[in-house]
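Naming follows writing order (A, B and C), and every chain is counted from residue 1.
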Amino acid sequence: MSKATNADHHDLAADDALRASIRQAMLDVRARTPLAQSFTNFVTINLVANAQLAAGGTAAMSYLPDDVIDIAAMCGATYINVGTLLPFYKDALGEITAALHEAGHRWVLDPVAAGLGATRTAILEAMRDVPPSLVRANASEIIALDALWGLSDGSDVGGGPAGVESTDDVDSALAAAKRVARHLRAHGGDGLGAVAVSGEVDLVTDGERVFRLPGGDMMMTKITGAGCALGGVAATYLCVADPLVAALAASLLFDRAGERAAAESHGPGSFQTEFLDALWAIDADTVSTSTILEAKR
Amino acid sequence: MSKATNADHHDLAADDALRASIRQAMLDVRARTPLAQSFTNFVTINLVANAQLAAGGTAAMSYLPDDVIDIAAMCGATYINVGTLLPFYKDALGEITAALHEAGHRWVLDPVAAGLGATRTAILEAMRDVPPSLVRANASEIIALDALWGLSDGSDVGGGPAGVESTDDVDSALAAAKRVARHLRAHGGDGLGAVAVSGEVDLVTDGERVFRLPGGDMMMTKITGAGCALGGVAATYLCVADPLVAALAASLLFDRAGERAAAESHGPGSFQTEFLDALWAIDADTVSTSTILEAKR
Amino acid sequence: MSKATNADHHDLAADDALRASIRQAMLDVRARTPLAQSFTNFVTINLVANAQLAAGGTAAMSYLPDDVIDIAAMCGATYINVGTLLPFYKDALGEITAALHEAGHRWVLDPVAAGLGATRTAILEAMRDVPPSLVRANASEIIALDALWGLSDGSDVGGGPAGVESTDDVDSALAAAKRVARHLRAHGGDGLGAVAVSGEVDLVTDGERVFRLPGGDMMMTKITGAGCALGGVAATYLCVADPLVAALAASLLFDRAGERAAAESHGPGSFQTEFLDALWAIDADTVSTSTILEAKR
């Protein structure tokens, strides 16, 4: 945490209701193997599916609106990632997100490379009025999405140019993340919404409460798709839990799995193997008793 | 086997000609490294290619009709999987399957998610009159394909809703599998055809004889693409063997590899690594001497 | 080396400037983590990205011209691979390669399956006048590209039919590789260009000097995408070095990594894991002191 200090935070109490909800979400996923579908980039689509399976869910990937809308009717949540766009995605994602919004179907947005490319900008702008329940991104992307959606009054926009690789630290996106989360809550049907900002210390907020999750491992940045897989697993948890709980559970599971995998591996190839094994093995108690630093308000 | 009992079956004799053919198919693939091409989904395309290579073949993946038809002229068989459809696939697959049929080129169909999505339904319906030599699917998909092709008289359609994850057990698809296999044989140029239904116990039939293959491991359902890879490897065997032999050889190899990988791994990440190693290492004798339960007629 | 003999070659001296440049390229990539973007096939896109990360770079994959051209403005080099073509690629790649040429942006071409499919032929022909800085291919593909670009006078065209799997040995492509390299140098803005031909012994040339790199391991042909990943990592090195140095550094790193991975693995699954770990672990001294056989002129 480059700006926030520990003195600004306290670790959530062992009996905080949020810890019980995180634990229950993990147990429910493993008991029910919920289906979360994905519309995601071609680079990491395999890892997203395998991470969802390893976490206890099931996976289905589609691009045609008739597929996605049919499957949404039978699954708990959808993950949408705007990497590796194809020409028809602009129309398809417009149709899909409108249908999901109309149906009150929960979904996770991963605004990969927000700010780059005219097509991506048009796609993300159109999501403003039919927003997801949860946004998972790095700091640069959250700052770019906040700007694309016109949520800021312009007084605090900061950070470097947006890009595929985040050039901003998580704290620089704090104000943007809170605004985006409040926007999700204001425009979603159920008044719920959360934002997860991935970085050296993950930040999760519902627009009011702000949580920082220390841990994880730098090797998570040396394989492609740890962030995408986190978004996919957040959708898996969203099948059984509210957005804030889903964001926290997925982020904590990934941090613990990253640490375990780093200890067991000796390079990015073995890290990925061990990471999937760790997603499979780590239990609900380990995740729900993690350090969760809540910012004082 | 939830419905069939062992008393209804006998293990194929050690000197049954089918065992010799399975053994020969494995030896031929490893001696000739045949090229089987694929038109397959983006989720598991890498695993399909790697499984074909591990089993001893070579791989080429394409989507444009001019690519697929050019390559079909120089390869032994083609694998077509209808997952992750794109808008142009409906026309492309119509053109491709007509050309393959015209050329008498053998191919394997993997009707992923049959019954879901209007585009997929149209694609699968159009394949009725230019069918593959081999269908590899789960029980729900076979039941859906049988219905889409109008092969049933309606007296025995059962099972739950079709979906990406099979909700039916293999035996519930027995009648549908036999009808589909007989349809393939009636409409293929060479009078040959087979159906492989993947499940806890795999079922393989040419429409007359019915085989059940016990074994495998539940971890095969905890990685994405074991079924797709099986379809791809069946196409590899189809380069050197008839559909029934190809279906049996591929299914048995996968069952033995799944068992070995489960014993050597401690989660889905290491399972996938060990599974590819096992496809590479398991020999023709191990596969061809497997338990093959034939249903009494 | 089936035709060339060792007597025709000498190992580069320990103090040859090229060895220092190779070493520096590796150190620079690990110090600067340069971004190389890719427009590449769906089969091996994940391995390309992971190989670039393991070698020390970062990765971004795109297909829309507005994405690719935006990202080219902020990255050091681009990798373009013509596998798994989609219908819109012909127009998109025409627009992209023209823009890269106009901007003087360096890129690597991987002409996968050159000679197969009318669309691919049209795409590759159009690249003749806006060529890359570096071509990475197998022998059959180099021979096909040389023919498509009309660089030969026809007196020495040889080898079997082009295809996804090379049917020609590297030496059969020597004349074609030199012609292609000279074409790149003549039409690139900076007068630089190189060709890397992958095979049992890799061949690298800038059109004048010819280098053969013994080593590697046959297991590199038993996973899909070692060649694609090599092209991607060559683009990573092209961010910090000239085409000839980038081609040599990437090829040597892959040979050393292949050898190490083969020694540590027991099948293609564990080979791929160990291969990524080896790309990560092998140091600049190991690579830059490799055997580099230069042909006598």
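Criterion: a residue touches a chain if its C-beta (ideal position, glycine included) is under 8 Å from a C-beta of that chain, and two chains touch if they have at least 3 such contacts.
Every value quoted in this text rests on a predicted model; they were computed, and no experiment measured them.
> Which chains are in contact with both chain B and chain C?
Where chain B and chain C share a partner, that partner set is A.
> Chain A-chain C contact: same residues or different, taking over half shared as same?
Comparing the two copies, chain A and chain C contact each other through largely different residue numbers, since under half are shared.
> Taking each chain's centre as its mean C-alpha position, how far apart are chain A and chain C in Å?
Whole-Å distance between the two chain centres: 35.
> Going by the touch rule set out above, which residues of chain B reach two or more other chains?
42, 46, 86, 272-273
> Over in the complex, which chain A residues touch chain B? Could you list them?
Result: residues 35, 42, 45-46, 49-50, 53-54, 58-64, 66-67, 70-71, 74, 86, 88, 272-281 of chain A touch chain B.
> In their shared complex, at which residues does chain C touch chain B?
Touch list, chain C to chain B: 41-44, 46-47, 83-87, 113, 116-120, 161, 163-165, 222-225, 265-270, 272-273.
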